[in-house]
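Chain lettering (A, B, C, D, E and F) follows the sequence in which the chains are written, and residue indices restart at 1 in each chain.
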Amino acid sequence: MSRSLLVISAHAADFVWRAGGAIATFVAAGGVARVVALSYGERGESGELWKEPGQTEERVKQIRHREASEAAALLGARFECLDLGDYPLEVDKAALERLTAIIVETAPDLILTHAQQDPFNPDHPVAYAATERARQLASGSGVASAFRTVRPPELLLFEPHQPELCGFVPNVFLDITPVWEKKQQAMAVFASQSYLRQYYSERAAHRANHARRIAGYKDIERAEAFQRVLPQVVRSL
Amino acid sequence: MSRSLLVISAHAADFVWRAGGAIATFVAAGGVARVVALSYGERGESGELWKEPGQTEERVKQIRHREASEAAALLGARFECLDLGDYPLEVDKAALERLTAIIVETAPDLILTHAQQDPFNPDHPVAYAATERARQLASGSGVASAFRTVRPPELLLFEPHQPELCGFVPNVFLDITPVWEKKQQAMAVFASQSYLRQYYSERAAHRANHARRIAGYKDIERAEAFQRVLPQVVRSL
Amino acid sequence: MSRSLLVISAHAADFVWRAGGAIATFVAAGGVARVVALSYGERGESGELWKEPGQTEERVKQIRHREASEAAALLGARFECLDLGDYPLEVDKAALERLTAIIVETAPDLILTHAQQDPFNPDHPVAYAATERARQLASGSGVASAFRTVRPPELLLFEPHQPELCGFVPNVFLDITPVWEKKQQAMAVFASQSYLRQYYSERAAHRANHARRIAGYKDIERAEAFQRVLPQVVRSL
Amino acid sequence: MSRSLLVISAHAADFVWRAGGAIATFVAAGGVARVVALSYGERGESGELWKEPGQTEERVKQIRHREASEAAALLGARFECLDLGDYPLEVDKAALERLTAIIVETAPDLILTHAQQDPFNPDHPVAYAATERARQLASGSGVASAFRTVRPPELLLFEPHQPELCGFVPNVFLDITPVWEKKQQAMAVFASQSYLRQYYSERAAHRANHARRIAGYKDIERAEAFQRVLPQVVRSL
Amino acid sequence: MSRSLLVISAHAADFVWRAGGAIATFVAAGGVARVVALSYGERGESGELWKEPGQTEERVKQIRHREASEAAALLGARFECLDLGDYPLEVDKAALERLTAIIVETAPDLILTHAQQDPFNPDHPVAYAATERARQLASGSGVASAFRTVRPPELLLFEPHQPELCGFVPNVFLDITPVWEKKQQAMAVFASQSYLRQYYSERAAHRANHARRIAGYKDIERAEAFQRVLPQVVRSL
Amino acid sequence: MSRSLLVISAHAADFVWRAGGAIATFVAAGGVARVVALSYGERGESGELWKEPGQTEERVKQIRHREASEAAALLGARFECLDLGDYPLEVDKAALERLTAIIVETAPDLILTHAQQDPFNPDHPVAYAATERARQLASGSGVASAFRTVRPPELLLFEPHQPELCGFVPNVFLDITPVWEKKQQAMAVFASQSYLRQYYSERAAHRANHARRIAGYKDIERAEAFQRVLPQVVRSL
């Protein structure tokens, strides 16, 4: 049976910059990937789109939906958005239940989401907290429960824009060299944000440099960094 | 080529209680395991032996050497001791160079040693610090060097006796169910310490309980806990 | 005047496994103990009961109430439940006011509750946060106030199931050897959870082993671990 | 153009004890200072006023408003209060929006508020969290946004009453010697709290002693301590 | 049998400012107190004495010895100095053995020493590290050993001059009101350091204010703060 | 009088990659900069040079000395090396005294050095510890002393190669746009390490991106990140 990956993203485009390589790698290995954005980032991260005269929120969301779906498709994933609003993103009880239901329905082996803190983004920590809570509710903490639960998934956090200020300490470096072209194509979808394309391309090269130094694998040219927050349970070291 | 494991232990018996399952698992998977004790623990951890009238330090060391070698053999590993003395253990420049040379010569894929702190054991943090420094000197930090180096090994810490007081946070649980009998036999070698045998048997069951809750693998009956301190570099999540 | 203990528990049975010995010791010394459960744990921690065909939530709560009351009585405490629901437990403004009123009414010398974090239990941190907030509101921070307040109680956290993953660092070990039989009887009430009885019996022996090593009191055979989170104010060291 | 300071205070008098010197210094240097209290502290910090027979909440608030306005005026600042209630202070969505609007309207260079934790004050952490969130919403995280934003202000925390218990680590000591008399006058407004006047006078001398030791400036006689929580961006070291 | 207190101080006068009240309280309760200074602080903390023309190191040490002995006597303790030199203080192997022997010989119930860090004092952390190591060697970690050991003593750290910068978080406040006069007399011995007398008098009042707020004991007028670093083992909560 | 900067570097080239912009900025503002390398990095960081047949340690040091001096000159600083050896770097008592004497002689306003930890470089933490200790000995902790001391300098840490793994949290971003060309020239001196030139050029652009987001200064194109570890003492906020 194929392995299952669930990416929970505060805004529509986050998953591309931060986990595009991980998604493509997962899919290339036969896995199934699903991206759930909590909002379109229509207010806080669509400044370029709002420069167009007569722009409307509805249209911004449509554009973001189209772009994110296309980028997800290039990476091999399915995209959907809960459209909860951004700046501020708020996850109320009903939204938490939807998220929990998504985890139960998907039964992912692995969940990727944002880091716990971010002093320069009010929505990312909200996404983290909602994901963390939904994960626990969906898995019933490994204890027999009165409700339907899934096997507890792994949880990894993706790299925030200013890692040290977010308390992010990477403990997993993923080699994305084989899927690098796919990630570039997905990033290229967001035409108006070319500077982020360059930033995250260089970042992938830096993380590869780190990975080479840590482990000595000389063939890694691009990498993504993650922070695993739950213990691994393994059969061998 | 077989994978290589190096266990660095402050005293002669530490590796059995804390990593006996990991060693046996590693060897069962075709790997080669080498245990290096920095001391025999002849002063601080051989109280039972000193109850015998006319006991001498030399004889205590011989007994400890025989027991540790036997336990290591049962687990499938080779045992040696640098005999640096204990309570206090001190690792001077020459000893650090020997340890570095051992790492270069062994070229381990994985090193296991003690946690960084221990308010109730003066030697364990010394073993950690020496291992950590030797590891860096042996691997040249992944940078081209003037001296012979090895590919940077992984580093995991084994569970101390009072984990929370040692700043130990396990992030790897190893299923040792298949090799549990071997670990029991190795523990049985230390005849005079039957209470530790019971303690670590129960501990293995508790860590298995934790592992089952974390990951949902219902077949885990015995486990050992470790703390990985360096990032993993992986090809897939 | 007798001293007063208030135990605030997320679910109906938590107080037995984690603080049964502390309650019995407190009562044996002439104190009065009151247990307030925020929920019955009817969804997340009553899986065994739900295996019975035709089971209903109301009946599960009744069984849990009876069991918890009986266990509390065996320990010498009075049990009540706010019945706020579990998985997820939520403490709204009215519930917070009830909890605050309970603290003011009880005027406890000591409050026991859950640890601040728990990656495998969504309700325990909620219980902590509510207790911590109610404690502050009830005691007015030691400043003259417009409302009735009590002398600030001590606050200790009880041991979570996976201590290191919950940021739990024990700084108080309580000798429960004299009341061990009582705790065993209280645990035996929860007939369907015999594995927890064994787990927490062994844990009590381990914590006793730790306590003996820390302080050298050789007569301690069973202990419970706690984390004190507020400073102690003492008349002598 | 003059620099702008915004002080966000949980209760009406906090800003005087904790940041009176900073406000006076800022104004003395040509800046403009605005103090926003979230509540009057009418319940939790007006105990003295409630000793008067027949006292009413409305009257307490009026007295607190008059005192705080007078103290602010002595320091050169303008005072206002959102009157959200205290013990417990709660900042709902509408209040958060008001606070965000105040930041956008003020466009401060610098915001001062409470520390993140306080085990002996339930309202101070609420003030911190609301300020931190409003600051992010108001500044749009330095990213182009669909809504009006301001240049990201600096954020400093002022000294809590029990610094170590609040996780407060001062990294900025401000010399308030030149404005010390003004701070004394402002503190004197709160006639009924003479013990706090003495406490914070001595504290200012202690912080000056620290500052002299840290930097060797022998002329500092009174100082206030702050914790900067965001990076500084500078043109020279 | 009387309880025994051992105070280990980096320089000759530290114990008076930081633990004078604790010593006098301990002695007043029938205990025996011994102060061991590692150095006289002849270089780094005797600046006033060196202002005298023709001053010599030998004479500075004599004056410091006389003053410290007198202050200790006023508090009821015996004073001695290992005279290891200061700025920098270094504790070599022989000195560590002397310190270990002192702990074995004294068999203290309680040890008081400096905090682990101090960015403005190079000797205090050295005193901490030596004390911590000697404590472990002297008590054999609660395990049967080949050498003579003592029951593991408690360990508390006294308040450094700039607590927050030293990572000091007080978790024990000791009421020293009953012995305050004695501490004042002991402080008065150090005639040339009148500003420290004032500083630590005010500090004692502040810590009393904190203690009153924490625990509501209204009769505490002077207090000293300590940080307990090892778990307490208790018979009741 | 001009301000004075002292940079203490574990190996000969570290100061260029990590603080080249800071040095040039400091000098451009009229300050005087002095770089002290503790070693030439002849073993651990000169791998390229050792590829030349018949290479000798002496010659490697000469080349490193020439390159580092040239790079320092381009930045406006004076370079010297204590030649203590690397991999491992060790700072004994005599070396610590030399370093202390250099600080006293230089009386710097500001010291820059490495971060406290580095799991992939055994020498950087040694440089930190030696610098930190020498700084304290040279400044006498702001207390009157028997020996010549200097006004306590500021201390900032420069960015390590893998910041998060070294516990590095930047709290100062320096705009180096005006001196960027100078830093590029200095980096170009190290001809054989062109990949580091690219790495640190991109890193400077990323840190500028961060700085723009943090503070909104849109003209910053290149920046260096630092961690200030001691409090600032200021006259205005």
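Here, a residue touches a chain if its C-beta (ideal position, glycine included) is under 8 Å from a C-beta of that chain, and two chains touch if they have at least 3 such contacts.
Just so it is clear, the model here is predicted, and its values are computed rather than measured.
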Third chains touching both chain F and chain D: A, E
Path length in steps (a step moves to a chain that is touched) from chain A to chain E: 2
Shared interface numbering between chain F and chain A [over half = same, under half = different]: same
Duplicate of the B-C contact set - from D-F, E-F or A-F, the pair where over half of the pairs recur: A-F
Chain A and chain C, separation of their C-alpha mean positions in angstrom: 38
For chain C paired with chain F, centre-to-centre distance based on mean C-alpha positions, whole Å: 53
Shared-contact residues (touching 2 or more other chains) in chain E: 120, 141-143, 152, 165, 170, 210, 213-214, 230-231
Pairwise touch network: line, ring, star, complete, or other: other
Touch relationships between chains, expressed as pairs: A-B, A-C, A-D, A-F, B-C, B-E, B-F, C-D, C-E, D-E, D-F, E-F
Parts of chain B lying in touch with chain E, wherever the complex brings them together: 42-48, 50, 57, 60, 87-88, 90, 119-122, 165
In the complex, chain F residues that touch chain A: 120, 161-165, 168-170, 199, 202-203, 205-206, 209-210, 213-214
Residues of chain F defined as touching chain E within the complex: 93, 96, 132-133, 136-137, 140-147, 152, 229-231
For the chain F and chain D complex, residues of the former touching the latter: 5, 22, 25-26, 29, 110, 139, 141-143, 151-152, 156, 170-175, 210-217, 220, 223, 225-226, 228, 230-237
